[in-house]
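Sending over a structure as structure tokens; questions will come in a sec.
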Amino acid sequence: MLIELEKRKEPSKAMLYLTPVIAVVATMLAGAIIFSLIGHDGFGAVRKIFLAPLLDTYKWQDLGVKAAPLILIGVGLAIGFRANVWNIGAEGQYIMGGLAGTGVALATWGMTGWWILPLMCIAGIVGGAAYAGIPAFLKTRLNVNEILSSLMLTYVAIQVLYYLMRGPWKDPDGFNFPQTRLFTDDQILPTVIPSTVVHLGVPLAFVVAIAAWFVLSRSVFGFQIRVVGAAPAAARYGGFNTNKTIWAALLAGGGLAGFAGILEAAGPFGQMVPQFPTGYGFTAIIVAFLGRLHPIGIVLAGIILAVTYVGGELAQSSIGLPAAATGVFQAMMLFFLLATDVLVKYRIRFASAAKAGDAA
Amino acid sequence: MTESLLIPIIMTIVGAATPILLAALGELVVEKSGVLNLGLEGMMLIGAVTGFAVTATTGYAPLGVVAAMIAAAASAGLFGFLTLTLTANQVATGLALTIFGIGLSALAGENYVGQTVDVFGSVFPAALAEHPVLRVIFGYSPLVYVSLLLVAAVSWFLRKSRAGLILRAVGESDLSAHSIGYSVIGVRYMAVLFGGAMAGIAGCFYSLVLTPMWAEQLTAGRGWIALALVVFAGWRPMRLLLGAYLFGAVMTLELHAKAAGFSLVAPEFLAAMPYLATIAVLAIISARKTGKSLAPACLGKPFKPSS
Amino acid sequence: MKTFTRRTMLKTTAAAGALPIIGSSALAADPLKVAFVYLGPIGDHGWTYAHEQGRQDVIKKFGDKVATTIVENVAEGPDSERVIRRLAEDGNQLIFTTSFGYMNPTLKVAKRFKDVKFEHATGYQRAPNMSTYNARFYEGRAVCGTIAGHMSKTGVAGYIASFPIPEVVMGINAFTLAARKVNPDFKTKVLWVSSWYDPAKEADAAKALIDQGSDVIAQHTDSPAALQTCEQRGPMAFGQAWDMSNFAPKAHLTAIVNRWGPYYEARIQQLLDAKWESGDTWWGLKEGVLEMSPYNEAIPADVQAAAEATRTGIIDGSVNPFTGPIKDNTGKERLASGALGDGDLHKMDWYVEGVQS
């Protein structure tokens, strides 16, 4: 083996903050070189994907809207991941939250009142949390691996969505197209910055992230989460209930994913459609890791991911880079990030004959 | 009746089941070693595009299959490097591999869209392969027979061979395996590469056998079904075989029922069924706590020798 | 290709001397900026590919009088709204959004960018600066139905369909009506696969239909998988969106080819001439937005002649695929005489006699 890992006594703080930057820079360099080699404008692509959306203040609204659901879901997942609870079914919880809120919207269709929107949001949170309750129940009662159960439930949620769109919830005036009615004015999130697309969900995502930061770093619950994650045996010894933590972690993750779901449905979508799931739940897993499972880190990570989406579209329309290239860029960034992650806890030594190369 | 309906139905079932079986068999070995690679779909796509491109260029399908295995195994190697050598989180790395595979296969396949190759059909003489009845045995692509042989081989390997015993030990208790001197990382690397190669063949089955062409996201999410199937089968190769054919049968018979004018249940319910069944199986085997059929104890956890 | 962000555009306009309006006449030397938003990758060899060919026609015809931009793989929903809005911000003057799911996003953006023209394919929402357009694909399906009626020995066609929206329903009905004109006992078995694109499933659906007695397969899904299956198994089939004969040289009888070029060219010309108006355009074989790909040599001359008669009849107006009397598949009479109007077609949710769905 060429590479040897030597455990640091303390996780390196410097590396904790430095590695995401290294990953992004490495992606930009490697991407520019690789895409130039295969005949695209590599440097142009990097500029468009990573820099253009940030340099143009007018595009910040798009970044906010795209990042908001990623941040909300990512924060919820991070709570679980810190406790070693591997909920990877946020996509399903996001869908179920969206559907629960949509159910309220359809039931109150034609009514007016300030209470409708909050009710939809509550339904969304409850819907997402309830759906995450299934893996929690299976895990705590039957010891079913939550990675597998929550992943499977995502695909079930997608089919529930398809069923409702094709049948019961189809817009009666919609020419048989599988989608619901448009939500009414009282069912749609207000815009918070006039003449932009920034809806109420965007500031809410930031508020939730900050609140989560305080809860995780200051409260007993946060401490419990960390202890259960780091040392389950010690947690039991200290009188913490592991099962309760599992429930709390999954319900928090599911609730926030469901919240993100209804905010998307009542915000940018303004209705429920079969194309509602766009992979936010999965991307948010990546966001959670990119943000080092820290709420503020997750906010930054959500914005970085949003930059690559928006920038990818820019690169397409301006220099004709195929959409698939954006996916490759995102994957490369993740690979680099995950690769450099090791530097936080370990020192890397290159063994004897090894001619040093990249860490990745 | 039987000749005209039963035999083609069986052949369709086999066709639908085989690629899922191949991919799931690879993943089963990976998971038995304690590693969870969620990048199945991405590796299958890399295999599908490589197999098609090489076959279209050389005109020789077996070469395409070998190239697909190598390419998909290489992508699995990248996964291995990140998760095993650098102890990165397996879930996140697997998802990244899926995104990578979707993007890379689309880029690499750009010039092959709209082309076609000869279907990688039976190798038996036409008298057998196209015989109205015997074709149910001889009428398949060689990859179908390969998949069956591999099920038997993997089953034997895991249960009877010494290497299989070590692999299982590594998946059940990496620290003990390490302490008696086995290379946990080495074993897991082999398993991950094997899983990649199998996903490569599975991808080829789409681009060379079922629908001999390349188009973006050709596998249309079958990798996730394969992932479910491993769990459904309780990590046992023979049950995997049953599960894959059961899945193929349900999907095929649903189409036949609809073509005959029956629609018994909502199609969405049928589409959700593999996953619901998997959850049910998970719950049942976990509740029974038979020990043997439970998930490998180290599944998804990185190996960090604490010394 | 020079990029044109909002900021550089503002600079340009400032430099141009505070022109009141950026119109084609004001900056005559600048090309007209036209953008296309695609649902799939260009490499789908189906729906999006066909739109891309239309754009290529535009480039060929107008040369540097237009500058075109595309964004592919745009998910329906908020992502599409962002893309469309950005294209409008970037100074595109005409934006084609080519999938049904872009309807509400296009409308939202159109309301904010009153000076930009929008064209949405296959939808029903319009605005003063937002048109809709579609092609009468059912006309091509009537030609296919004529061929199927003649060629099918079992008198049973299999029809692989995506979702029961009016567009798909009217295609099934036009196909069946045309086939039953030739063979009054003709039946169409519809198999819904609940997907526009899933090659393996489309192939398996074709197999199921063949096994249950269909000897000709039509499809309203995007991949050539069903054709490949037919090539292996023997039945005849029709291509979708594009000439797919290279996938099935024997089985491929003809295909309905989507040609958006004529429409795109016409609308761009109108905008260049300052004559663009909002409206709903539903062109067909006559205007050339769909064509039949070359008939397979295996089709006998008399059948080819019958197909041509249907095609030319539709073009000159003597043939209407939806001419009464029409009964639905529950036996109820839907139309005694005359022909169904566009309004009826746009909300069609019933099947003609002979359809099993």
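Remarks
A, B and C are the chain letters, set down in written order, and residue numbers restart from 1 in every chain.
Simple rule for what comes next: a residue touches a chain if its C-beta (ideal position, glycine included) is under 8 Å from a C-beta of that chain, and two chains touch if they have at least 3 such contacts.
Bear in mind that the values here come from a model prediction, so they are computed numbers and not experimental data.
Across the two interfaces under comparison, A-B and A-C, the one joined by more C-beta contacts turns out to be A-B. Centroid analysis (C-alpha atoms only) places C farthest from chain B. Averaging Cα coordinates per chain places chain A and chain C 36 Å apart. Chain A and chain B have centres, each the mean of its CA atoms, that are 28 Å apart. In chain B, the residues that touch at least two other chains are 106, 110, 216, 268, 271. In chain C, the residues touching two or more other chains are 41, 194.
For chain A, residues touching at least two other chains, in rising order: 162, 166, 322-324. Residues of chain A that touch chain B in their complex: 1, 3, 5, 7, 38, 86, 88, 138, 142-145, 147-149, 151-153, 155-156, 159-160, 162-163, 166-167, 282, 285-286, 289, 322-332, 334-335, 338-339, 341-342, 346, 359-360.
Of all residues in chain C, only 40-41, 43-45, 158, 189, 191-192, 194-195, 197-205, 207-212, 214, 223-225, 228, 232, 246-247, 356 touch chain B in the complex they form. For chain C in complex with chain A, the residues that touch the partner chain are 1, 3-7, 35, 41-42, 69-79, 81-83, 85-87, 89-90, 100-101, 104, 124, 163-166, 169, 194, 346-347, 349. The residues of chain B lying in touch with chain A in their complex are 36, 38, 78, 81-82, 85-89, 91-93, 95-97, 99-100, 102-104, 106-107, 110, 185, 216, 224, 227-228, 231, 266, 268-269, 271-272, 274-276, 278-279, 282-283, 286-287, 289, 295, 299-300, 304, 306. For chain A in complex with chain C, the residues that touch the partner chain are 48, 52, 56, 58-59, 62, 65-66, 162, 166, 175-178, 182, 197, 264, 267-271, 273, 275-276, 278, 309-310, 313-314, 316-320, 322-324.
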